[in-house]
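Each of the next two complexes has subunit A plus one more chain, namely subunit B in the first and subunit C in the second.
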Partner chain A sequence: MSGDVSTAVRPTDAADGEDGRLSFDAVIIGAGHNGLTLGAYLARSGLSVGVFERRGEEGGGLCTEELTLPGFLHNVHANYHTFVGLAPAFRHLELTEEGLEYVRPEVQMASVFDDGQALCVHTDAERTHASIARISERDADTFRRLQAEARRYVDLMLETFMYGPPVGINDLTKALVTFGLDKRSEFLEAKLRGSTIAQFLDRHFESDAVKAHLAFHAAICGYATDAKGLAIGFPLLVGKIDNWQLCLGGSHRLAHTLWRDLVRHGGLVHVQCDVARILVADGRAVGIELTDGREVQARQLVASSIDVEQTVGRLLAEDPSTAALRAKRSELRHPAWSLFSVHLALSEAPHYAAAAFDPDVDRAWVMNLGYSRVGDLIADWKAAREGRLPDPHPNAAVNSLFDTRDAPPGKFTGLLRQIVPAKPQNGSIESWDEVKDEYATRCIETWQRFAPNIQDAVIASAIDTPADIERKLTNMRDGDWMVGEIALDNLLDKRPLPELANYRTPVERLYMCGSTQHPHGFITFAPGYNALQVIAQDLDLEPWWRWV
Partner chain B sequence: MSGPPSTYDALVVGGGHNGLCLAAYLARAGWSVGLLERRHEEGGGLNTEEPSIPGFYHNLHAQFMEFLDYMPFYQDFDLERMGSRSVYPEAQCGITFADGRAPLIIHRPDLLDRTHKSIARYSKADADTFCELKRKTMEIDQFLAASLYNPPPVAEQGKLPNPLANPMIEPMFAHLGLDPTYTLKSPKVIIDELFETPELRMLLYRECVEWGTPVEMEMGGTAFVMSVLWLSAIWKLMIGGTHTLAHAMTQACLREGVTFLESAEVTKIVLSDSRAVGAETADGRTFQARHVVASSVDVRQTLLDLVGAENLSELWRKRTERFRYGPSHVLATTTWCLTEAPHYRSAEVDPEIDRCFYTVVGFEDPDQMMDYIRAAYGDHVPERPGAGMWVNSLFDPSQAPAGMHVATGWFFFPTADRLDERGWEEVRRTYNDRFLELWTQSAPNINSSTVLANRLYTPDQMDSKNRMRFGDFSNGAFAVDQLNSSRPFPEAAQYRTEIEGLYLCGASSHPGGGIHAGPGYNAYKAIAADHGLAELWEANGRIY
Partner chain C sequence: MAEVFSTAWLAQWAELINSDESLPDHAPPGLWRIYLRIEGDSASPYVPQDESLHLLLHLEDGRCTKLERGAGPPGPRDLDFRFSGPAAVFEQVAAGQRDPVDAGLEGDIKIAGDMGFLLRHAELVKEIVDLYVGRLETDWPKGKPPYGGEAVSAA
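Here is the complex of A and B:
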C-alpha cells in the first residue's frame, strides 16, 4: 500500500490588494462545512478564496472538543454523518485522499424497549429483517420492501432534488406523477405531502415498537414525527438508514479535511474574524468589513453561509436593496425545539439489559432509549413546543466502540441527546442554565435504566444546552441546529424565503450558501454545492465537477 | 487508492509549533513531508479552547508571544498573511497589592519613561538601573536572538561542554555594564544585588520563573539577561488566542505542500539496519521516510518509547534515562469567565494596572513569592495561591462575548507525579476558590457575583492532553546541565541522534520550550547540512 508524493506544487497565490488590503476573488462568510465546501470548489476552479470565520476553529457544527477531560473527544454538535459517499464533495474534493476516514458500524442503530425487547438496524439488510421479525414478521417484510424501494430511488432523489437548486413542491409532485410514481412505487406517493411521518407509519406498519424505532430514526435527522408533509421525505431517509457513519478522530476532522483542500488550492481561512458588514457598491457586493475595522475586497463575489437574520439584518443593515427582506425577518421560521446533550467520559461501555434479548445492542451505535411507541415521540415534540421538559428518552452513542482514538486506552466517550424546548421556562433560552444539571441527571438515570452499569462508569460529564449551542454557534439562533425549521412549507423553493431560495440575493454577486438554504442543515454539503451551481452560471466557470 | 501517501522524504513526529516549523522549511526546500500528529488539532501548546462557557476563549498553554519579531518561521512564511495577528499592549507586566500600594508596571521598551515613573515611585535608583539595563539589552536583541536560532556551540572534541565557554557571554556582560561574576550567580542573587525595592524584586522573580528560568539556579547570569532583561515586557497577545498562530502555521505548511496526518499517534519509529526509515501509528498504519525522521516529542519519549532502549548504545540509553522533566516549567492554567474586568485597589495610584497585559496577584512580599516558587519547584502545591493573570479581552474583544471578559492565569505547580489522581482532582475543585479570595482582596469587584464560571487545568491534564510529561511544557527541566550544548545531553545537542536519519526537533533540544520554534528551525539547519538542502535561513538578511 505504498504511495508516493508528487512534487509539491505551490498553489496560486491570493494576491493582496494594491493598498495592502486583504483581497480575494471570492470572500466567504463562515467556515462551516458549507462555506468550506463552496470555498474548496471555487479554489479548485482557480479563484483565490478567503473564508472569514467568527470562531477560533473552522467547521461550525463539525466541532470536536475535549469537553470533559483531556483525551476524551466529544462531538459537540454533528455526530452522525449520513451522506458519506453520497455527497458529490466526497469525490470531487478527494476527501479520502486527504486523510478523511469513516467507519460504518455494522449495527447501525438499535432500540431498547421497556419490556426488555430490542430491535437493531444492521448494515446487512437480512440481519435487520431478522431483528424486526422477532417483533413482527409482517413489519420485517414491509421494511425490507420499503428499504429496497427507497434504495432504488435514493440516488435519483439525491442527485435530482438535493444536489441542485430547489424545485417547487408542485413541480416536484408533477415530476413524480409524470414518472408514474404511484404505479411504480408502493411507498412513495404524491399525497404524502399532506401526511405526517406518524400517519405514514400507521399506514404501513403494525408494531408499535417498529414504528417507534422508525420515527426515532427520522427524529434524529431533524424530522418531527407529527409535522404535516414530512412523510414525503421519509422514504428518502430510509434509503440511507444504513449509511450512518462516524468520522474517525472526531467530526472536526472533516472540517480539517475541507480546510486543507481549500488551502492546498490557494484559499485561506481567517479564524477569529467576525464580519461587521458586507460592502456594497452600485448594488453589487464588493467586499466585507470586519469588526476590527479591516476591509476585505471581494473581486468577484461574496457568499454568506450564516443565517439570514445576521446576513440581511446585521451585515446589510443599511443596504436599501435588502430592506424588503429585512422586513420579512419575522417570517423566518425556527423550531421551538432544540437538542440537549450530555457528553460523558466513561470507564466502561454500556452493557444493556436488553442484550439478554439481543446481544447486538451492546455493539450498536445510535441507541433509542425507551421510545416504545410513536405516541412517546409525539409527546416529546409537544412538550418541546409548549416549553415543558419532556421525560427524557435520550438517544445514546458511544463512539469509542468504533474509534478507539477518541478516548484514552480502555476508556469510552459517550453522548446522550434529547429533544427539548429551546426555551424551557418563561420563554427564555438562558433559563437552561438553571435547569440543566438536574435534567442531565435525569438523562443519565434513563440510560442507567437500560444499561445498569452506566452510572458507575461515569468519570466526568459536560452539558451542552440549546443556550450553549447559540452561544457557541451564533448562526444556530435559539439552538436551531438546522438553521431554519424542517417543515414542508419551509423547504425547497420556500427556504429560507422564496426571494432567497435560489442562492442569489437582491445584491448582485452576493450569495447565500449555508444551511438556511435548500435542502437544510445536517452534514449534506448540499447548500454549498448548490450555491456553486448558481455562482458558476453567473461567473461562467467551467463546471469541472459535473460528471454527466 | 485511497488515503494519503505513505512514503515521504521526511516524516515529522508531532504537530506542535516546532514540528510545523521544521515541516514548512523541509517542504520549501523541495522535500515531501508527512506530519504525524497524535491529537485532533495541530499546534501543541498553541491551544485555545472554550473550557467553561462557549464564547469565552482561554489559552490553556502558551499565553504570550515574545518571539514574533525574531521568529524566522513567522517572517519567512509570512504568517500574518496566513491569518496571524497580534496586539502589543503598552503596560506589559505588573504586580498589584491587596493594600492598595502603588503597583509596579513594566511597559514596552519603547515606553521606558513610563516604566521609570512606575519604579521610581519606590526607588529612583532602581528605576535608573532597570531602565538602563533594559535599554542596553534591547540594543543587542538580535544577538540574543541569534543564540536561540543557531545550534548551541559544539563542545571541543573529548571535552565536556562548558556553559561559560560561549564567546558571546563576556562581551554581553561588558555591554550591559554588569559584573562578569554575575555569570556564576543565580538570578535571585543578581536581582537582590541590583535592586533594593522588595516589590520590584518580587515581580522580577516571577518574570524569571515565567520564562522558565529557575530563579535560584546558579550560573544563571545569562538566563537572567535572557528572561528578565530581554524577554520580559516584549510580550504580544495573539488576537483570537494563541491557537490562531497554529492555524497560520498550518496554512503555511499546507501551501508548501506538507501532508497532515492527524489522529496519528506514533507508537514506533521504524529502524532498518540501525537507520530510521519510518513510523508506525497506534491504529496500525505505517509510513516510510526516504531520508529523515524528525521527532518533536521529547527525547525520552522519542528514544525510549518510540525507538526503544534496546536499539540504543549504553551511553545513549543512560543519558536519555537521566534526562529530567521539571520542576521548572510545570504549571496549571486557571481560567475565568467574568462579567467585568478586574479593577484593582492599586489602580488608585496608577490606573494603568487595570490595563496591564500580565498582572501578578496574591503576593504581598518577597518571602511569599519565594515560598511559592520554592514550593512549586519542590514537591508540593503552594499554600498561598498567587497567580499571574492575563485579561486578553481588554485588548481583543473576540476572546469573550460582547461586554464580558475572560481571564486566564498561571499557577506554577510541582510535577504531575507529586500528587495522585484524587489529589489533583481535589486541587481542581478547591484551588481556584482559594485564589479568588486573594484576587478579591486586590480587586474587590472580582467576586462570586462577577465570576460566571472558572476551571483549573492541572499538570496531570497537560500530560494527558499534550504528552507534556508530568506537565513540563518545556519537555525537560531547565538546569545548567540540560541547557545549551548540554540539551538534552551533550552527544544529542546538535539535533542529530546516534540513529542515522533520526533527528530531534522539539523543546527538549536547545533552546527549549517557548513559542520561538528555535528547535525546529535549528533542526532544519542540521538536516540541511547533512542532506545538502538549501540554506533557507540566509533569506531576509537576518544574522541567524
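Here is the complex of A and C:
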C-alpha cells in the first residue's frame, strides 16, 4: 500500500559486487506477484536474488491505496483472489504462516435482476442449489452436477492447465478422446474447443437468469461470453466458483508477504529502479542497466516479469538475437476491452431491493448488477470492442462487510467495476479522461437502482480508467489487465508467441515469468511458478518444491 | 497367478509391457521414470495402514527396463511422474473394478509430473494402464477388493 515503501530495499542498501556493481545470481525485472514468487522460490533454493521495480512499492497489481479518503483502503486493481489454497505457492512459501489472512465470504456472489429476483452462490453447495432452484429447479440440478464433476477433477485440471508448462490444444483434445472423456463426462468434451461460453450455457441450462449469472462469473475472470473456444475452460472456472477470497488488510498484504519471504531468504527488492536495458554478452543475459546508468550483474539468470513489448522492444532494443521477436510485436494480442473502476467511500452498506426476494444478497460479496440475459453480456462485449460505452451493468463489491480494517468504524468501502472499451470511441486511451466522470455517475446510478440507499451513502469516490491502469502499471498496455488477450489462439502454447511460450527466450539465461506467459494474468502465481520449473532444469537446481 | 504387488506380480506386469509390440511405436525416445506410491489405508489387507509401497517403473524407448519395489520414495531428481493414492484404489483398479481414468480424474489417484507429456502421449499412457487393468492375473490371498464397500465398475 502507499507509504509502505520503507519495507522495500533501496539500491544503496544492497551490497555491491567486487567491481563496485550490484551483483546477484538472479536478477528479476518487476516486483509484481509473479516476479516476487519466482524470486522467493529461487531465494529458498540458495540463490542470491535481486528484484528491480520501477514503482515505489512491490506488488504490481496487488496495490492497496487510500484512494478516496484517509482510512479507506481500496484495492486499486486485484480485488478477487480465487486461487487461494490452490496455487502451490501458498503451500511451498508458507504464505498463511507468514500472517497472511483471507476471508472466504459465505455468500460468495449474487445476481440481482430487474424483475426483483436474485440468485446467490454460497460456499455451501446445498444453499446454492436452493437459491438457483427458486429460479429453475432443472438448472439447480444441472449446476449441482456440473459443480460436483468440476470439483472432482479441479486439482488435476489445475496441475494440467495452470501449474505446468503449457500444453497444445490439439494434444489436449486428442487426449480427451483417447481417455474417453466425452463418454465419462457430462460437461467436459473435446468439442468445447469450438464453443463459446454462451453456447455451453445454452446447451446445458434453461433459465436466462442462471445463464447470465454463470456468464457474469466467467466475465469477471476475463473470459468473454462470446469468444469461440473459451468454453473449454469453463468447467475449471466452475470448479473454483466458490473459492473467491478477500485478502484481509488489502490485496497488497499478499505482495508484502511474498516480499517478506523473499527477504527472509536473502533476497532484495529494489524499488524506484527502472530498468533501461538487459545486458547481453555472447548471446547470454549477464545483467541489467538501470535508467540512472548503474549496472547490475546477473551471475546466473535474468527473468522479466513485465510485458513482451517492453522486454523485447525496449530492454533488448539493441540485441540482434531478438530482432525477429521485435518484428513480431504487432502480433501480440491485447483485448479491445478493459475495466473501468469506481472506488467509493460509503457511510453505509448497500441494501438491495432484491433482499425482499432473498435476504442473502445483502451479505453477498461479488454482485452482478442487472445482467439478466447472456445477451446483455454479449452486447457489452460487442460495445466495448467497438469503442462504445455500454449501459453500465457493473459488478459491485463491499469489502468492508468482511474486513472491518479497510474502512473507519461504521464506514464502508465500495468497488464498482464495468467492462468498457480500452479506447472509447476508438480514440486514444487518454480520451477516458474526458468521459470518466459522467460514466462513473452512470455506474453509481445503476447501483442505486438496485440498492436505493446508495444514493445518500456515497461520501467520496475515485475513478480508475483503462488509461489510469496503463499509467500506473505500464505492463498493462491499453489497460490490458490480463497482459494478453484471453482467446483460445492466445493461450496455452500460443501465449504470448509460440517462440516465448516455454518461458525461455532467444537470449540464453533470459526468461519470461510474468502474466504475458501461460496461463495468463490474475493472481495465479502460475507464470512465475512455471518459469521456475524451466529455470530449475537449466540451472540444475534441486526441485525441493516438487512432490511435497 | 501372483499376489498383488509381489515381485512375481511386478515381473508379470513388466513382461506384459514388453510383449506389447505397439508400445514402442507410441513411446517417446529416452528414459521415463515413473513412481507409484501405494499408500496403506484401513481397507487394504496388502499394504499396512500408515505404510506405503514404492514401485518404480522405468520405460526406455517404450520398453520396461525396471519394475520393482523400492525401499523408499525416489528423490525428486530420480523420477518424472508420480502416481499416488490409497492401496484399496490401486487394488480395485488392478481387479478391474475401478476405472483408472476416473480414479485419476476424480483425484483418488493423484498424478504429478509433466502433465503436458501425459497428454501428448495419451495413447501410450492408456496402453500401459490397460495392461494393468484386468490383464494381470492376480492372486488375492487376503481377500479381493472391494473390501466391504461398493466397487465402481471399470469402463
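Basically, the second predicted complex is superposed on the first by the 530 of 548 C-alpha atoms of A that agree within 3 Å, B and C clash if a C-alpha of one lies under 4 Å from a C-alpha of the other, contacts with A are read in each partner's own complex, and residues count from 1 in each chain.
One rule holds in what follows: a contact is a pair of C-beta atoms (placed from the backbone, for glycine too) under 8 Å apart; a residue touches a chain by one contact, two chains touch by 3 or more.
Predicted, not measured: the structure shown is a model, and the values here were computed from it.
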* When both complexes are superposed, which of subunit B and subunit C contacts more residues belonging to subunit A? -> B
* To do: Examine A:Thr160 and indicate which partner it touches, taking first as subunit B and second as subunit C; both and neither are also allowed.
  => second
* Asked: Does the superposition put A:Arg152 against subunit B (first), subunit C (second), both, or neither?
  -> second
* Does the superposition put A:Leu172 against subunit B (first), subunit C (second), both, or neither? -> second
* Asked: Is A:Gly249 contacted by the first partner subunit B, the second partner subunit C, both or neither?
  -> first
* Residues of subunit A that lie at the interface with subunit B and also at the interface with subunit C -> none
* Which of the residues in subunit A end up touching subunit B in this complex? -> 1-5, 7-11, 16, 54, 56-57, 64-66, 69-71, 73, 96-99, 101, 248-250, 252-253, 256, 260, 263-264, 268-274, 291-292, 404-405, 408, 468, 471-472
* To do: Would you mind writing out the residues of subunit A in touch with subunit C in their complex?
  => 152-153, 155-156, 159-160, 164-168, 171-172, 174-175, 178-181, 183-185, 542-544, 546-547
* To do: Can you check the complex and tell me which residues of subunit C touch subunit A?
  => 73, 76-77, 79, 82, 99, 101-102, 104-107, 110-112, 114-116, 118-120, 122-123, 126, 155
* To do: Could you pull out which subunit B residues touch subunit A in their complex?
  => 1-9, 27, 30, 32, 40-41, 48-50, 53-55, 57, 81-83, 239-241, 243-244, 247, 250-251, 254-263, 265, 282-283, 288, 397-398, 401, 461-462, 464-466
